[in-house]
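These are the structures in question, set out in turn.
Presented sequentially are two complexes of chain A, the first with chain B as partner and the second with chain C.
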Partner chain A sequence: MSHQLEQLEPELVNDERPVSATREITGRSPLRIAFGRLLQDKVAMVSLAIVIFFAVIAIFAPLIASALHVNLNTQSTCEVTDCNAASYGYGLPLKGPPMHGFDIHHPFGIAPQNGDDNLAYWLYGARNSLFIATMSTVISTAIGLTLGLIAGYVGGIVDRSISFVTDLFLAVPYILAALSLAPILDERFAIHPALQAKVTFWSLIGILSVLGWMYLARLMRGEVLSLREREYVEAARLVGMPTRRILVREILPNLVAPIVVAISLGLPAYVTAEAGLAFLGIGIVGKPSWGQTIDQATNWWQRYPLYLWEPVIGIVLLVVALNLLGDSIRDALDPKTRR
Partner chain B sequence: MFAYIVKRLISGAVVVVLISMGVFALFWFGPRNPALPLCNIDTSNRCRPAILQAYEHNMGFDDSVVHQYGLWAKGVVVGRSMALGTESHKCPAPCLGIDYRTKLPVWKELTTKFPATLSLALGASLMYLVLGVGVGVLAARRRGTWIDKSLVTGSLLLSSIPFYLVALLASLWFTISLGLFPSTGYHPITHNPAKWFAGLILPWLVLGIWGSTSYTRFSRGSMVESLGEDYIRTAKAKGLPARKVVFKHALRAAMVPVVTIFGLDFATLLAGTIFAERIFGIEGIGKWGLDAVTVKNLPVVSTTVLVASVAVVASNLLVDLIYSVLDPRVRLT
Partner chain C sequence: MRLTKPLAVAAAGALALSMAACGGNGGSNGNGNPSANQTYKQGGNAGAAKDATAKGPAQPIPNATGGGTVTVLYPSPDTGLATLDPSPGWSVTGNAIEQDLVARSLTTFRQDPKTGQMTLVPDLATDLGQHNANFTQWTFTLKSGIKYENGKPVTAQDIKYGIERSFDTGSLIGPGSQYSTEYFLDGDKYKGPYDKATKGQDYKGVTVSGNKITIKMSKPFPDMDYWGSFEAMGPIPSGKVSDPPKYGLHPWATGPYKVQSFQPNQQLVLVKNNQWDPNTDPSRHQYVDKWIMKFDQDPEKTDQIALSGNQASQTTITTSILAQNYADAKQKLGDRLVQGTQPCTSFLYPDYKKISNIKIRQAIGYAYPYQDAWAAAGEVVGVTRVPGNAILPPGLNGRQSYGPIDGQQVTHNTAKAKALLKAAGVKPHTYTLSWIYKKDDPQGVKASQQIEKAYQAAGFKTNPIGVTGSPYDTWTNPDDKINKSLNIRGVAWCSDWPSGLTFIPPLFQSNQLYNTGYFSEKSVDDRINQIPTMPLGQQAAAWGDLDKMIETKYYPAVNTGYLNVLMTYGSKIGNFQNDPNYGAPNYRDIYVKK
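Then we have the complex of A and B:
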């Protein structure tokens, strides 16, 4: 504890922040200290605000959409887009940008050709993106944590087989898994669009979690290997504490920092992956995704740039904010890695 | 040393075999009927049950999966004749299947797509290595100044943005809106080197600059560490010129971890190549595989996946072997 405060001191001086004379030096856990450090970080707080903004959008997307009177159901296409193949604006919306001014009924404009409401698709895109990322993070963290703990603590043949499986999975990039599953799922479920939407959605979560746990497992294994030799673990073993209790009560609390870091860096990676796969046409099908919108909007770039900018700005804001927040959390938990 | 190499090679081979089994099983059990996509392609989506059954039987999909995997594995080694629908095609070794659309051996098509992917990947990795190490060394030498801070912050921000967005916007802006770069694509270097270069320069730059950000951080950290070593002070004290101290003494020591990361980063490069081929319209292996997904050309997809995974395994193995030469302690594990 005093060791950590010593490390903190020169930094505060460097940052030219006043060091208050009556600073509390007792009764604060390392996590509390890290949290306090995080609160002082302006970049982290701005990022957190952006992340909360998107989280609110994701959770309340249906409410926000109905409050703004937009929905995913497309009107008859020719009512909202130009169906005259001879005109310059063929395919472009008849209301709102880019040919007309702002339209209060479609604040983000209308998609060319198919006439979808952009705002509705943007809101639900955020919802699907964050839901997939969160689920994948939770599942992959659980898998990585469990296997890492077991491999590190039990050792021997168990450790060797888990390490082999870890290496095996590391050889399969998620993009290849998605590539091989996409045509198979399409072949199997294309005749039931509603079922296909559900299956591609959950299989994407499956791919991302099953191919996302290895780094955490390796990290945990390494940490546990050294932690299990500590005196207090030995003492716990000697007094007859059951293995499960040793793992959960003695070892796990020491691993909170790397787990929090892994989670905070996993989320933006999954958001990126989800949209990227949808952009390539091997992601989710039948549900809105920012990646799909980007793919469609690329062809309209010259005549309707706003259509592309909306999902691009959504992804960039969310991913950059998540990444910066993750970096700040890592710095706060371990001042030695400070930029 | 020899024993270590043999051990690593065997474990690599086991992983490759396991992956090939996994991919084979996936494309065997995954689809409702593995022969249906071919039947649909051949009959323009008017496949009738009688034809389908004949297809299924000829292609061995009513056989046991173990036996068929055996035939497939044998075909990889010595070649075979492969039934496709009602006709039979010659498929010389290494036989990975027959393309459902062109009816050519998949391996042959793969080799025609390979130069594009290789050109893209080699050029890009050269660029990000040089750029990343260069910027990293610059930042480390100017440590603590505004140059260092802006380089580090810039690379952090750039690397936070997904690669495909950077590539897509660069492609749209620089080739379509501004017209600063010639249109991208692959032209064989043997036909016209200037055209080859012109078609790939923007993808190289984008992949290189985006990819260099992680190397900037690694080599900066590594360089800062090695610049603080005693032998650097000695080199300076004995009057060596600053350039020699930095590039000959410090850089050499700082490069070892960077080289390792370079090899282990192969999967990232692979994903980057797939996105770049799609966005910049380069007819390489990645785009070939992606295009095959839409028409459910299953042999092409499974081959892309298999070849790419084997490449990842091979690159990891290579790094392990190189690292065991650089750092003998590794061999003990």
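Then we have the complex of A and C:
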């Protein structure tokens, strides 16, 4: 990776002005240098803290929920919400917001018209949203990376075929794909609701990742096209290194920066995509998600604003944090674009 | 996309068929809140009133003034009309608009502006029809001087052609599939002027001589005068001009209004039809200059328009309101929030073959969480949905109020459900109930969860299955594998006119399409065939008795409530009334205040 070190050297000196002449100069990899820069970026650190906060919620949602004594169980509507048509609070919770004060048993309140615990749904919603976004990111990155590497390095007919497929997939709008796939899966697995819930969950991840790898593949292909002409790659080829080894050991390490950036910017996009699909009613079924809660809460905005604020704040906070973190990572890895 | 929810959301995914509702109920509009345990008086006779001698013009509405534009907003999931063709018209929204404003037929209804009572009166015919002794032949005489919007005269042949079209079971399938094919001569063979098999054939059941139209029946049909009030029993010009589907975009109007523009399922604009002669019409008025009907509107938006009271909303009508805005609307709108009755009943229909033990069916009736499920489904408990007992909804002739099990009203009672299960010899949590719910409708999902919880509490195992699209697609398809796996289905039915004939046979006769529980008892079938042959005066009571006999003896269907609608109208709308035949605004008599 010496070639990159050379490139970065002048910038690096600029950046570390206070380095004293007496300190021993040790060799540091570009990634470590970038990481050092990231640590000093306050916005990045705050964002990272928020992302970690949500990651903890996602991973430990069941534990947190039981620690707070909340659960996803269905409550009898008329026992917990107002079913008296003559009352002004019709449909609203009998305890807790918005008509009454804070209820310790349901810190986030309960849902109008059915009495579901908002906190439990929020925690599990975060878990499902993040799980879907993470899995989709990982899978789509893997697909995009592999195809981009192969297309860029091998070239010729392989490159042209892969590029064609990439363009083909780019032409497929994911909402349409999800819309058309949903009834097919319904039909196929309808009799087994438990299986159906699993299938729709994974098929959503499938749709998001299968239709999300193209930009990364194009980016990778472009990078590889320029990298493969570099001297050290030619040298490796002359020495007789196998293609696979050249790709993994010589080229891939130089692509870490764009990959990290793609991942960190892809994650929030998937969170919003999942919420958007759930809002349209074609997302996951049988499991809580923020998108579904927002869908239900929009009609209650006037009478019970908190019900809508909770998932909206969750999504906005997570997506903004992820985006800012992604920007910071990109800046740290590629100081030339620093604003 | 949650756009396909039919007219009224019923719990358990039992969604109201938006079948035309022709029942009568002495207009009890917006008079407070029926309490949850409200009991009904014996069925009213409002819609049963007939006036064969009614003559045009219709009595003027007191203080009514002409002019102005009225906007009607139909909140989702009401997607309004896909076609204006009279033959397939069989929805609450569509029939109300077409019959009140655009398409005249043999007979029609007139509303008393004071009491709201509906009376059957002659429309295009000079009287309510002459029949022979056993109701197998009916003769109507067409009034002279009736014209279409383009000035062409309406002939008796056109009415014959309209009747022939009602036999279509293809693209024009509608109420004729229930009544024309069932009762008219050769109804089982004749398929209308567009079907390959009967194209160009002369239909023998209807003969025309001068202005006289004679209809022959295959079996006694005492309710022909009511069936004549459907727009399908009106004139349609024969020949190419009326070929579907194009005719459905702009049918030739005979009523006080004609189509200016129509975008199916989106918007309909009606303007005055100057060829309509008020002197021939005993029930309709032409006060308003222009009607703008907008379908499939965002419900939250329409509620806010109704509540805002701004200038545009003053001449606006909305046809439903969200449960969460009910309290607000009641406070802000007062009398302008109208609770309209509908002659509709919603049922859970356990599969009669799979759940053959009556004790288990009764246990389901007690296990069902009526109020919880309604509230979760977005109903205003006790207002848009009220507890029911008899099959026939209030307002139908001959209806009796009775207790279906042990003479008692069936309510949510887990203990009784458990006891009945025990008596049936079923061990707790071994008997599985399987039903479908609309999974793309969040409120449908929540209602299903309420039902699941209650069934489990009563000791059932549960297997709810989420579907997209209308549940009737599943329930009425015998080859559907989901349908085969279910043991509880549902149906919500509205009467087409206030007679048990439009309610009990389609739901409780063997092998009927909407008999979704496959109920089949020979004694009931025989009685259903026998009642229409009885003297007219005894039929209503006989339907009421049969209703009671079916539910007390067999308990095949669980009554999950009678339906009402909530409508609002702006401060400048005059004489707004619910049409109890439909549960829709009575457009005939509305005017705009100056």
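Heads up, the rule we're going with is that the second predicted complex is superposed on the first by the 306 of 339 C-alpha atoms of A that agree within 3 Å, B and C clash if a C-alpha of one lies under 4 Å from a C-alpha of the other, contacts with A are read in each partner's own complex, and residues count from 1 in each chain.
Here, contacts are C-beta pairs under 8 Å (C-beta built on N, C-alpha and C of every residue); 3 or more make two chains touch, one makes a residue touch a chain.
Remember, it's a predicted structure, so these values are computed and weren't measured experimentally.
Colleague: Looking at the superposed three-chain arrangement on chain A, would you call chain B and chain C a clash or a fit?
Modeller: Result for chain B and chain C: clash.
Colleague: If we overlay the two complexes on their shared chain A, which of chain B and chain C does A:298 touch? Say first, second, both or neither.
Modeller: After superposition on chain A, A:298 lies in contact with both partners, chain B and chain C.
Colleague: Return first, second, both or neither, reflecting whether A:186 touches chain B, chain C, both chains, or no partner chain.
Modeller: both
Colleague: Output check: A:175 vs chain B and chain C. Expected answer is one of first, second, both, neither. What do you get?
Modeller: first
Colleague: A:276 contacts which: chain B (first), chain C (second), both, neither?
Modeller: Only chain B is touched by A:276; chain C is not.
Colleague: When the two structures are overlaid on chain A, which partner does A:315 contact: first (chain B), second (chain C), both, or neither?
Modeller: first
Colleague: Based on the superposed arrangement, let me know which partner A:91 touches: chain B (first), chain C (second), both, or neither?
Modeller: So A:91 only meets chain C here.
Colleague: Looking at A:112 after the superposition, I want to know if it touches chain B, chain C, both of them or none. Which is it: first, second, both, neither?
Modeller: The second partner, chain C, only.
Colleague: After lining up the shared chain so the two structures overlap, which partner does A:329 touch, if you call chain B first and chain C second: first, second, both or neither?
Modeller: It touches nothing on chain B or chain C.
Colleague: Just chain B (first), just chain C (second), both, or neither: which does A:268 touch?
Modeller: Once the two structures are laid over each other on A, A:268 reaches chain B alone.
Colleague: Of the listed stretches 475-483, 529-537 or 583-591, mark the one in chain C with C-alpha atoms clashing against chain B.
Modeller: After superposing on chain A, the stretch of chain C hitting chain B is 475-483.
Colleague: Find the residues of chain A that appear in the contact set with chain B and again in the contact set with chain C.
Modeller: Touching chain B in the first complex and chain C in the second, residues 179, 182-183, 186, 280-282, 298, 301-302 of chain A appear in both lists.
Colleague: Touching chain A in the complex: which residues of chain B?
Modeller: Those residues of chain B that touch chain A are 11, 15, 18-19, 23, 26-27, 30-32, 36-37, 152, 156-157, 160-162, 164-165, 168-169, 172, 176-177, 267, 270-271, 274-275, 278, 289-290, 292-294, 296-298, 301-302, 304-305, 308-309, 312-313, 316.
Colleague: With touch defined as at the start, can you tell me which chain A residues reach chain B in the complex?
Modeller: 164, 167-168, 170-173, 175-177, 179-188, 268, 272, 275-276, 279-282, 294, 298, 301-302, 308, 312, 315-316, 319-320, 323-324, 327, 339
Colleague: For the complex, which residues does chain A have touching chain C?
Modeller: 74, 76-79, 81, 83-92, 112-114, 116, 179, 182-183, 186, 190-191, 193, 196, 280-282, 285-286, 292, 295-296, 298-303
Colleague: Give the list of chain C residues in touch with chain A in this complex.
Modeller: 1-2, 33, 299-300, 322-328, 331, 369, 371-373, 375-376, 378, 380-383, 439-443, 446, 449-450, 452-454, 463-469, 481-482, 485
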